[in-house]
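The data blocks that follow each hold one structure.
You will see chain A twice below: alongside chain B first, and alongside chain C after that.
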Partner chain A sequence: MLASILSVVADAVLITLVLALAASGLAVIFGLIGVINLGHGAMLTLGAYLMWWMTSHGVPFVPAVLLAATGVGLVGLLLEHVLIRHFYDEPFETLLLTWGFFLVATEVIKLVFGTDFRNVPNPLPATISLAGLELPAYRSLVGLISLLVLLVLAGVLFRTGVGIKVRALVQNREVASLLGLNVGLVYKQVFVAGAFLAGLAGALISPMLSIDPYIGNVFLVRSFFAVTVGGLGQILAGTLVGSFVVGGSETIFALVSSQVFAQTVVFALAIVLLRFRPTGLIGLRR
Partner chain B sequence: MVKVTLRKDGVTRRTLLGSLATAGAAAVAMPWTVRQPWAASPIRFGVISPLTGAWTVYGKAHFSGFELAVDEINKAGGVLGRPVEIVVGDSKTEPRIVVEQANRLVRQERVDFLAGTFSSAERNAAGPVVQQTGKLLLYPTWYEGQSQEFYPGVCNKNIFMFGPEPSQQVWPFIDYITKNHGKKFFLIGSDYAWPRETNKMFKEKFAELGGQVVGEVYIPFNTPQYDSVLRDIKNAGTEVIFHSLTGSDTVNFRRQLHAAGMSKDITLWTVDDEEVVTSGLGPEVSAGTYVSFDYFMTIDQPNNKAFLERFFAKYGKDALMNTVGVGMYNAAHMGAMAIAKAGSTDTNKVREALKGLTFDGAPQGPVTMRAEDNQAVVPSYLMRVRPGWTSVTDMFEQIQALPSVQPKPAACKSLPL
Partner chain C sequence: MSAAGDLALGGTADRSARTGLGELLLAVLVFAALAALPQLIEGYVVYILPQYMLFGVMAMSLGLLWGSCGVLSFGQAGFFALGGYAIGLVMGREGLPVNPAYLGILCAALACAALAAAIGYFLFSAGVRDSYFVLVTLALSIMVEQIAVSQSEITGGWNGMFINRMSLTFPGFELQLTEDAPIYYLVLAVAALVYLGLRLLQRVRFGKILVGIRENEPRMEALGYAAPLYKTAAFALSGAIAGLAGALYATHAGFVAPSLGGVLFSTEVVVWVAVAGRQSLLAAFLGGVLVSSLSNYLSAVAPSLWQLFMGLLFIVAITVLRGGVAGFLARVVDRRSAVR
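Then we have the complex of A and B:
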């Protein structure tokens, strides 16, 4: 009995952390600077494809992850510089622009990398035994990295000068710019950081999933729910709580019902939560 | 000369004027040419393939199988002295688009018959269209079998099935798997008609052989994480997983099953993962699993060898073929043979000619279209994935081979169709 409770907890924790990693880029771009980034899925996909391309050309795993994330960060920089920076005042336009980016990026990925299933070999194929549980080693590592990424993000946001600037921008853009903050530069840094994180997530998740041109979409809707249910701007606690509600709780519902029903209940729950707490579970009442 | 035909349906003043103007211009341009009317009119085959969207990975083999066959037909002089022309429609893997494309191909492009669609949902979407327009649809995919409930997508006299159904693809091998790997089966499939109906058929035979179903789950499309399902599989004491997930879900599930260390204790038998998906899985994840189909690139058949040589020559040595591509290949050839036999492209005559027709050149071995329910009688193979395979040429090891499997009679209201 204890063992099965433990295994449910372990499953829920792993699912939550992997989803939190996938959502972290969106938590930054959407949560902090309010760009409704529908291109988030395409950024994950691009990260996964770059990862595949490099590992199949003999680049070792860790540098490949960093290069893939940097590559997506650069694409984010280009996107921000050419298009997004002109539209920070208009969330609806950013929604259309990023959706356009998603469509274009997906087709370009198909042209460049083809439409066959690709795969990145799992660098840690073993399992680890922990308190009578067998956990997949790589998945657990990704869970830890996810936690680390969120902690670092929170640290940057609350303990550094850059973080103060970002928070000033989020709280009141006009006053921040009156006080001499280079608003455009901070926006740019945040957007590129979000793209980098999406690329990092895509690269790290790629050994667990099949890589096809739509791999990122699996996480797009879940990421949006995780970020909004958790609360916009709540990088650490919000993303984790949101990911638990959208991902981790599913494994608990699945104990007593079918998978289909569990997923339905989870999304319904997310909608109900947003009805009663529109700013998210951790979000402040404004 | 440009021929102007007046059709009862849909000649508007604009198209009529347009045609007359073109005819006039052509007459001025080339006053001395006289063209024989039949020599210039090709027979038109309409093809609906999933060229974009979720099932794009299958779309390539799907379309190239058909295209290869049409090339061969034209090289051999066409049908009834006329060349064959393909008109292609992209289904975008969406049943809604299939309806649009089927209507376009039949009503605007005036094709002589339709081949293709990929999933059962796509075929079911095309069913009413071929019913109303009186055209044939040649369907290439392995599927759940015909039952009146899903009319007009099945049990439709205008639809011919070239792929295997569960009594051909699954039933013959239950005995081998249970004897060698145990009788406790866990059924996992995607949540739509094909896996549910396939499992229904599977359980019918499985119960007779004394097997025990310890779990049965259906997974919504695009599910990224499988931890809770894997836990259920483990806790149920599963010996064999009977697997009918599709698309990227199949790859995601199987990679995670392997990463959880469960693939060494539990045997997996899939009725979905052909060459394309197995390539996507890679050798490590797929090693030792069973797959059953009517065709594999590795089967030892003289037809197959020659077929693959022509296939590689046209599409390159890395191109992938599979059961669906071969289904399309057979559909094109048998469609052409039926037109030749009927001496006409009239639907009623072609339908009669196709019933009972045998194609000896099929890559998997001779294939016969059963007259009473339009279901192909095909060979069936059980293969095991070799550990450490490097390409499709050494991917599968043949475990059992049946040269010709009679499907169970279709569960339609009235037979023959």
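Then we have the complex of A and C:
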């Protein structure tokens, strides 16, 4: 009994952490600069495909992850520079434009990489034993990386000069720009950082799934709910709490019902939370 | 927004009445051409076109919501599929006292209206942002697809649900719609009625209030209009129309599958309406019909290039055309008449 409870808890924790990693790019782009990035799913997919392409061409695992993330970061830079930067004042237009990016990116992915299922070999196929539990080694490592990424993000945001600039921009854009902040540049840095993180997540998650051109969509809506339920701008605690509500609790619901029903319940729960706490569970009332 | 400026200037009322008349004239031409088509050609086109017209009706349901009221839904296909399943369930029952298709269509429209009203009021009454509404409707279409897949003993799961062609019954006689031409005219009549009904709605007080909310919601609230109620009503009506279209689609195609309610189809509708022009119902209808016909034709020739082209056109429609093809054409016409 205890062992099965422990294994459910471990499962929920790992799912929460993987979702938090997938949502981290969105927590940056949407949570900080308010861009409703519907292209987030396509960025994850692109990261996964770049990862597949490089590992199948003999690039070792760790450099491949970093290169895939950088590649998606560069695509994000291009997207921001050509389209998004002209529309920061119009959130609704950026929502549509990022969806346009999703449409185009998905088709380009299909043209370049094909539509077949692709698999990235798991670099750590073993399991590790911990307190009587058998945990998949790679998934656990990704969970740890996820925590690390969120900690680093929070550290950058609250302990560095770049972080002060970003927070100034989030708090009051006009005053920040009057005080000499290059608002356009900070927007660009934040957007590219978010794209980089999405690429990183896509690359790291790719060995856990079969990759197809719509793989990112699985994470798109969940990531949005994770970020909004947790709280906009609450990079560390918000993303973790939100990911638990959207991802981890699904594991618990799935114990008493089917997987699909559990997901429906979780989505409904997220919608209810969105209505009653629009600034998120951790967020302050603004 | 330039539309706000137009509304504020008194002198443009005359012009908008003129373009309104122009659009009505164009609509008469379009529907007359569609009515003449089965007389000129037969075969596959006459078979398939009603399905595209129903996609056009779904596009109009979004046109009402997005164009008039400024609320974007990424979940219209969810209602479309729900309508299809609703008519399928009703028509599958034995021993109904009335024509099961009539009852099915009514149930489809009512179920979708009720669902939309419940979701709409729940969110609008809390003043949820429009962008959050997009996310919720996106989740809605995912949920519809997933429920359709998982409740396989009711919906048939991945295999979908088979539905008979409906028949029209009147007191005294019955008209089977198994041939292509009769159901073509039924669908055309429904499309034309929905178009006219929505046009009328835009002209009356209700439509004006919706536009007022789109342009300045706080001001309408201050003037004493309960914006959440009006937005809810618009969403419920829009859901009902999408459900009606879905029910007719199901009985025409004879089949509904979960993917009909999915995210990809839902957002395709958004692309049609954005590219064609969200301010005009006729443009939304034509966008639905033309883009889905072209998709069908070109996806046989060059599938991925076509999708890529639509994606790029979508971006161009938002950044450059601003208001889609119809908005662009209207501005060109305006500029010409202004020069003259």
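Here is the rule we use: the second predicted complex is superposed on the first by the 286 of 286 C-alpha atoms of A that agree within 3 Å, B and C clash if a C-alpha of one lies under 4 Å from a C-alpha of the other, contacts with A are read in each partner's own complex, and residues count from 1 in each chain.
Note that in this section a contact is a pair of C-beta atoms (placed from the backbone, for glycine too) under 8 Å apart; a residue touches a chain by one contact, two chains touch by 3 or more.
Quick caveat: nothing in here was measured; it's all calculated off a predicted structure.
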{"item": "Fit-or-clash call for chain B and chain C when the two complexes are aligned on chain A", "value": "clash"}
{"item": "Chain B versus chain C as contact partner of A:V260, first or second or both or neither", "value": "both"}
{"item": "Which superposed partner A:F276 touches (first chain B, second chain C, both, neither)", "value": "second"}
{"item": "Touching partner for A:N217 - first (chain B), second (chain C), both, neither", "value": "both"}
{"item": "Chain B versus chain C as contact partner of A:T70, first or second or both or neither", "value": "neither"}
{"item": "Partner chain(s) touched by A:I15 [first = chain B, second = chain C, both, neither]", "value": "first"}
{"item": "Superposed model, chain C segment overlapping chain B, candidates 3-11, 21-29, 39-47 or 237-245", "value": "39-47"}
{"item": "On chain A, the residue positions that both chain B and chain C contact, one per complex", "value": "110, 214, 217, 258, 260, 263"}
{"item": "Touch list for chain B against partner chain A, complex", "value": "52, 54, 56-57, 59-60, 191, 217-220, 222-225, 227-229, 231-232, 235, 248, 250-252, 255-256, 258-261, 276-277, 279-282, 284-285, 320"}
{"item": "Chain A to chain C touching residues, read off their complex", "value": "36, 83, 86, 91-93, 95-97, 99-101, 103-104, 106-108, 110-111, 214, 217, 220-221, 224-225, 228, 258, 260-261, 263-264, 267-268, 270-271, 274-276, 278"}
{"item": "Chain C residues touching chain A - in the complex, by the definition given at the top", "value": "72, 122-123, 126, 128-132, 134-136, 138-139, 142-143, 146-147, 149-150, 263-264, 267, 270-271, 274, 304-305, 307-308, 310-312, 314-315, 318-319"}
{"item": "Interface residues, chain A side, partner chain B - complex", "value": "4, 7-8, 11, 14-15, 18-19, 110, 115-119, 121-122, 125-127, 134, 136-139, 207-210, 212-215, 217-219, 222, 247, 250-251, 254-255, 258-260, 262-263"}
